[in-house]
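Chains here go by letter, A, B, C and D, matching the order in which they are written, and residues are numbered from 1 within each.
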Amino acid sequence: MRDLLLILIPFAGAAAALAWQGERSRPYLLPATSLLHTALALWLLFDPPVVGPGAWFGFDPLARAMLPAVSILFLVCSFYCVPYLRTCISRPNRIFVALLLAMLGLMSAAHEARHLGLLWIATEALTFAAVPIVHFAGTPRAFEATWKYLLIGGTGIALSLLGSFCLGYASLSGGGTGDLTFTALVAQGGSLSGPWVVIAWVFLLAGYGTKMGLAPMHTWKPDVYGEAPGVMGAILAGGVTTVAFTALLRVRAVVDAAGESAMASRTLMAIGLFSMLVAALFLLGTRDFKRMLAYSSVEHMGILVIATALGKVGVWAALFHVWNNSFTKGTLFMSAGNIRRAAGAHTVDEVSGMSAITPRSAAIFVTAMLAVTACPPFGPFFSELLIVRTAFATNHLAGAAIFLGCLLFAFFGMTRLVFAVVDGKPRPAAVQGRKRFAETAGVVLPPLVLLVLSLWLGLATPQVLRDSWTAAAEQIFPGP
Amino acid sequence: MTTGSLLLFFVLAVAAGMAVGPRMPRLWLALTLAGAAAAVGAAALVLVGGQGWELRSAVRVGGEAVHLRLDAISAMFLALLGVIGGAGAVYGRGYWSDADHPDSAPGGRLWWDSMMLAMGLVLLSSNGLHFLIAWELFAVSAYFLITIDRAKKETRAAGWLFFAASHAGTLCLFAFFAVLASHTGSWELGPVLGHAELAPLFWLALLGFGVKAGMFPLHVWLPSAHANAPSHVSALMSGMAINLGVYGIVRFSGWLPIPEAAGWVVMGAGAAGALLGIAFALAQNDIKRLLAYCSVENIGIIFIGVGGAILGASHGNAPWGRLLLAGALLHVWNHGLYKALLFLCAGSVLHATGTRDMSRLGGLWRSMPWTAGLFAFGAVAIAGLPPLNGLVSEWLIYSGLFGAAMDRGASGWAAMPAAVALAGAGALALASFVKAGSVIFLGAERTGAAAGAHEAGRLMLGPMLALAGACALVGLAPFAFWSAAARAADQWHPLWAAPVAATPVHVLGLANLTLALLFAAAGSLLWRKASANGLRRSPTWDCGYAAPTARMQYTGGSLGRTAAGWFSWILRPQRSFRRPHGPFPPSSTLVERVPDTVLESVIEPVAGAAMRFALGARRLQHGRLQFYILYLLGGLAVLAVLALFG
Amino acid sequence: MSGTVNLLIGIAMGLNLMALGSSRLPSVIRAVAVQGVVLGLIPLLLNQGFEWMVILMAVGTVFLKGFVIPHLLRRAMRAANIDREIDPIVGYVPSLLLGAAGAIVAVAVTYRLPLLPEHSHTLLVPGSLATIFTGFILLICRVKAISQVCGYLILENGIYLFGLLLIHATPLLVESGILLDLAVGVFVIGIIADRIQRAFDSLDTRKLTVLRE
Amino acid sequence: MNTLLTFLEVLLRLASWMLVAPLLPGIINKAKAWVAGRRGPPVLQLYYDLARLWNKSVVMSTLASPGFIMGPAVAWVALAGAALLMPLGAVGGALSFRGDVLLLVYLLALARFCTAWAALETGSAFEGMGAAREVSYGVLAEAALIAAVLSLSVQSGTLTLDAMLAPSAGPGAVLLAAGLFAVLLAENCRVPFDDPNTHLELTMIHEAMALDHSGPPFAVILHGASMKLLLFAVLLCEAALPIGRLAPAAGAALLAGSVLAVTVGIGLVESFMARFAFRRVPLLLTAAFLLCLFSLVLAWKGGVQ
């Protein structure tokens, strides 16, 4: 029941937001609701419920290993939203608040969904719920981004639906009932019809890969992350992508049960490395620090997928990396949002010397950039190092080499851009920005909190999280 | 006082220094000095007492139990860290004072201590994960320390180059430690000579640590970084930081099985670095670039020793191998000491005149006699001349190489060329420092900048004197230091039990001492005699030329021209020369620039090609939705092929 | 029974070609609408016995796909006062040929797939594959936003068709949820198309290439 | 007692080195004069010059620092120390230890450093030229010297001077002698590298560096130069001939004779050769270096194990 509450609370909040009248006070619903949500999520993390085998929704080990990260990220973002929405009070925020909360609910639902169809429904709904927030700015650029997001995302989602049907049909033609709950599918295991499983995997990988933003299905990402509000970028990059990743993990469990494990690893490794390569290439020459974050996100999705291809330890590392990615990406997006609003632009051609205008945000931005490029002692360093180690241990020498090479090039690109933005002489436009944008605690603390969290996660990973990841990895790869 | 408590004090003091540094300079200085002293003390306890210190704590950092260890090898480096860290801190207070640099000095103090702390932890940590953490923290703080003066564009560029190169090296170490851990099953570090399959790992270590050490040809970042950093930072970088690369290679070549070719490659790289590094130095006109290239040379000398040790270990633990390793370790010390001294001298010159361009200086000994004297002192030391410390280690390395040659084993073919290269490098170093010293300090002031110079303040002279004193100490009483180095050499390789072959270092020390006394005696005697005979001052006799001017002096460029000309095939100097002609010639100019060939002829073209490729690839993101969907379809197709037929 | 189904599917496939071949937007929209209606009816034929839930679903689908969304699209079209697709990326004849080829390939592929006996003699699988392919062609080859929306609709029709394979297996609740989602999706897309028309005062996606690299 | 004896011996050797050294330039000049058919200056000319200079007053450039006077002193001490390290035939060295040969090489380098530094004190372009040439050719000379020493030590399997100089250089002796002779000429600025009694400053190395020196410092420079010449001559002879293996008397005689021969040889070279153009100097030095290298290879191949 508690796990269903996790889905219901945000929807209740959304309903409240729709009904709420005060424009100024409505944003406070966000932190209020997500506080409840996070509290509940943490309670569930420490004291996981027993999930019935046939249950459609449930806080099973996989959900337990990921959902709290999303919840915490959302909590921090919601605190950031309050001052953000106050600055653009001109635009009505009813839809914004309601849909953001609905997204939280849908993300919880997707993470907890143990039925392929429901998982798909939640993901699709999530996609469409994000639309109005993406073009919250209301500029033509925002509309263009939304359009691409919709059509590419929609197509991808459609493919994943096709994949889900194929999986169901695999069960049917394997003599099963076509029951789409993961437990049933895994239970049917070897008797699933092989060809259909493979076809299903291809469609699902492509479909949910589009949602994750794996190359070459990533093309919507830079546009959306570049145009959407920073906090939205944080939630997309740290929350929505993890939903798609959960889906892939759950499906992978089925595919392995059907005895197609090698095929899955092969495809995952390939698409992961390709994503990292593309991301590294685009990061090398990028000049727009918000689109840079998008490519960095593509890179990290690639890292997750590669880790998933490496077996049990890899999945453990991947789950670790999900947390790190959520927190560091959140920090980056929020601090970048501050800098963008102060500078009034987001390409290095128009922005420089921000350490003089927004010293705190600039410092946080640089630190988070170092963290996300695997500089110790922040979390990503540990997870990525573990992934490299696992890759070597499983004799993926070439894979590991490419992995490290891409990390290096990504580092080159990101450091160059970020230092160019932070150092140097401030532009006159930004100097006026001093008046336009003040670095209040409300906009500086949230990213800082996430940064500290990621530091803490790296140096002293809590045992309960380690256990939860172990349990989740066990759920994906049962047995030794 | 036990080693452990001293080390704890070091860590706490420096960490506290980080905390208070930006706000309270005085307290910061006290804490840093105390920490440095504690580090030296701990190292001394290990080096004299002989037994190492080890701590296995239950505290877990990043999921790994803390495991610290200080043996003679790491103690050698820790002691140097203490000396240079302390001296540089004092110097920095005078050189980079809050008065001159209100907005960067506080940050500089913070990063200084964090760098000291990180380097100390690198030396202490005996766990791969923690080693990497400390290593990267060290790189990051070095970056921010090099670029505390972020207003200057070239400083930022130099810093970024360092950061990029160092990160490339770090990723090699990622791979190195990851493979190591995946084979041994844990992040714990220690001798694993059993795993013969790990031998190829040595190359990864050589790359990863070689970049940091500035081993030729991986030194590309070094000249600009050392030249553009504040001088006390250059001293710390060049005197200590690059030695950590040496530490890594020494450490892991002792603990891991080693491929056959390793010794040859290391010694070859060392010899090449020694000769070419100093050739580049000779051709420089920027005093700090000259010193930086000279670091490349000295690292080369050290690597000659290390490579010889590796060869010796693979040739039945020949005694000359020990000699070479001990010599190399001692040279780490010596180089650290006199290179720090020289960078501080260069810093004083820069501080007094505002330029690093030697051809704008000259005659500074009148305005800054102390700095001039100390620079000459450092020049004698770095050229390996008696009676100072450079001689001791180079003498040891020579005798090791001669020993290898006298064995007439295969390794002789590595030792003999190395010895000759070392000789050439030594003579070139002498030439470079005759050039640097004379052009900066002797003759007449070439420009107003030089004329307006002033002697460095007390805070700056003190550390310089201390370092000079250390150089003299190693030179005149080498035996104590030799025994430390020998002890470290014994602990290098688990199979090396027997002590290093006895060498008459004490005789050398005696000779140095006598010589020093005689030099002083003869000098004063001659001076007395000259003044007794009557000493007149008159303008320099320029063979009858009526009106000599300061611009007629021999310049640095012309001083180095002949010898540098022999290396023009790699130096590739860029000259722009407008000759004077006609009866009434207009102003003529000669601008000479000696870029780093490896950087500008190898790295930059490759990087440029990669960049062009990346920029070309960006066109794929052209904003046309239809093609994006086509990409999606294509990805789907490729995945299908991979899944069905892969 | 399955004869009728096959007939309807055949009609749907024909409508694919019509959508591909016609340059006039209204006729494309009409094709999509009719296809929606036709496919909406199939569940009624497929399931034995009388389940009011299924009927409700079918009616909903027909209403949405056949009337609401087409109406929305027509409005956007009129607002932008365009009624034909101008110089598409791939011409109409080539697209037609592509579509036809796609249909043939779909039929050919279907014989290679391990189908259950009760499905092996229906056009469900080839029809859905062909329709999906048609949808992709429209999405890729057309430049007017509306044609792309139509492409997306056809794509979803194809998937919906494939989903009918599982009509007995999957619980109706899930199916209806899926249908609802699809409908909402198309609806949102339509709205955004409308907004774009207002923002750019055109529905030519060639104008939507500001964001690049 | 024992140390006292050693001390006395050292003093004795020092005295003899100091006294004998100035003889060599005189002999060279005599030989040149004899070839040219002149009477030439007396053999003891340098002694007179030194004595006169020692009592003259000093003129010092206004630009020069005390290093201008320190330099020659330190250089002289370094050369004297190097001379003391040299074994004298069967008598051996006064203070010899493993690796003393390297100290010798470095003492010569120190002498070079000090002379060049003192020369540059004045800021005169001519001294600059001299110093530049000195340090540049020093590179090749030092490499050749190390190669020679290396071949000797490989030959004899030891690192102490008197052990490695006692026997002859074996198969490579001739090559080594030729190489060392060239190095001798270069290091002591004789024709064909330099012409000690030219008066065209542009063409000088050693003389150019001493242009501004006068009085006692100049005397010290000259005397040091002569000691350096003697040192190289002794090194050459002992490397080439098995002097150390002979009976003391015979050894002493042979040493004296051979040194005399070398000196006269220098004189003959100076009378029959012209000075090289400066750009050809490196070639000759490289040749010397290669000769030493070949002798090293020979020593490596054959010779006592």
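Note that in this section contacts are C-beta pairs under 8 Å (C-beta built on N, C-alpha and C of every residue); 3 or more make two chains touch, one makes a residue touch a chain.
All of these numbers come straight from a predicted model, not from anything done at the bench.
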Chain pair, A-C or B-C, that carries the greater number of C-beta contacts: A-C
Where subunit A and subunit C are represented by their mean Cα positions, the distance between them in whole Å: 31
Gap in Å, rounded to a whole number, between the CA centres of subunit C and subunit B: 69
Inter-centroid spacing, subunit D versus subunit A (mean Cα positions, whole Å): 78
Approximate Å spacing (C-alpha centroids) for the pair subunit B, subunit D: 35
For subunit C, residues contacting two or more additional chains: 139, 148, 205, 208, 210-211, 213
Junction residues of subunit A, two or more chains touched: 147-148, 151, 155, 222-223, 282
Sites on subunit D at which at least two other chains make contact: none
Interchain contacts, given as pairs of chains that touch: A-B, A-C, B-C, B-D
Residue numbers on subunit B that touch subunit A, as the complex places them: 60-63, 129, 132-133, 136-137, 140, 150, 153, 156, 160, 163-164, 167-168, 171, 174-175, 177-179, 181-182, 610-611, 613-615, 617-618, 621, 623, 625, 628-629, 631-632, 634-636, 638-640, 642-644, 646
In the complex, subunit C residues that touch subunit A: 113-116, 132, 139, 145, 148, 152, 155-156, 159, 162-163, 165-166, 168-170, 174-175, 177-178, 181-182, 184-185, 188-189, 192-193, 195-196, 199-200, 205, 208, 210-211, 213
Contact footprint of subunit D on subunit B as seen in their complex: 362-363, 365-366, 369, 372, 376, 379-380, 383-386, 391, 394-395, 398-399, 402-403, 405-406, 408, 412, 416, 419-420, 422-424, 426-428, 430-431, 434-435, 437-438, 441-444, 503-504, 507-508, 511, 515, 518-519, 522-523, 525-527, 529-531, 533-543, 548, 550, 552-554, 558-563, 566
Subunit B-touching residues of subunit C, taken from the complex the two chains share: 89, 136, 139-143, 148, 205-206, 208-213
Subunit B to subunit C touching residues, read off their complex: 618-619, 621-627, 629-630, 633
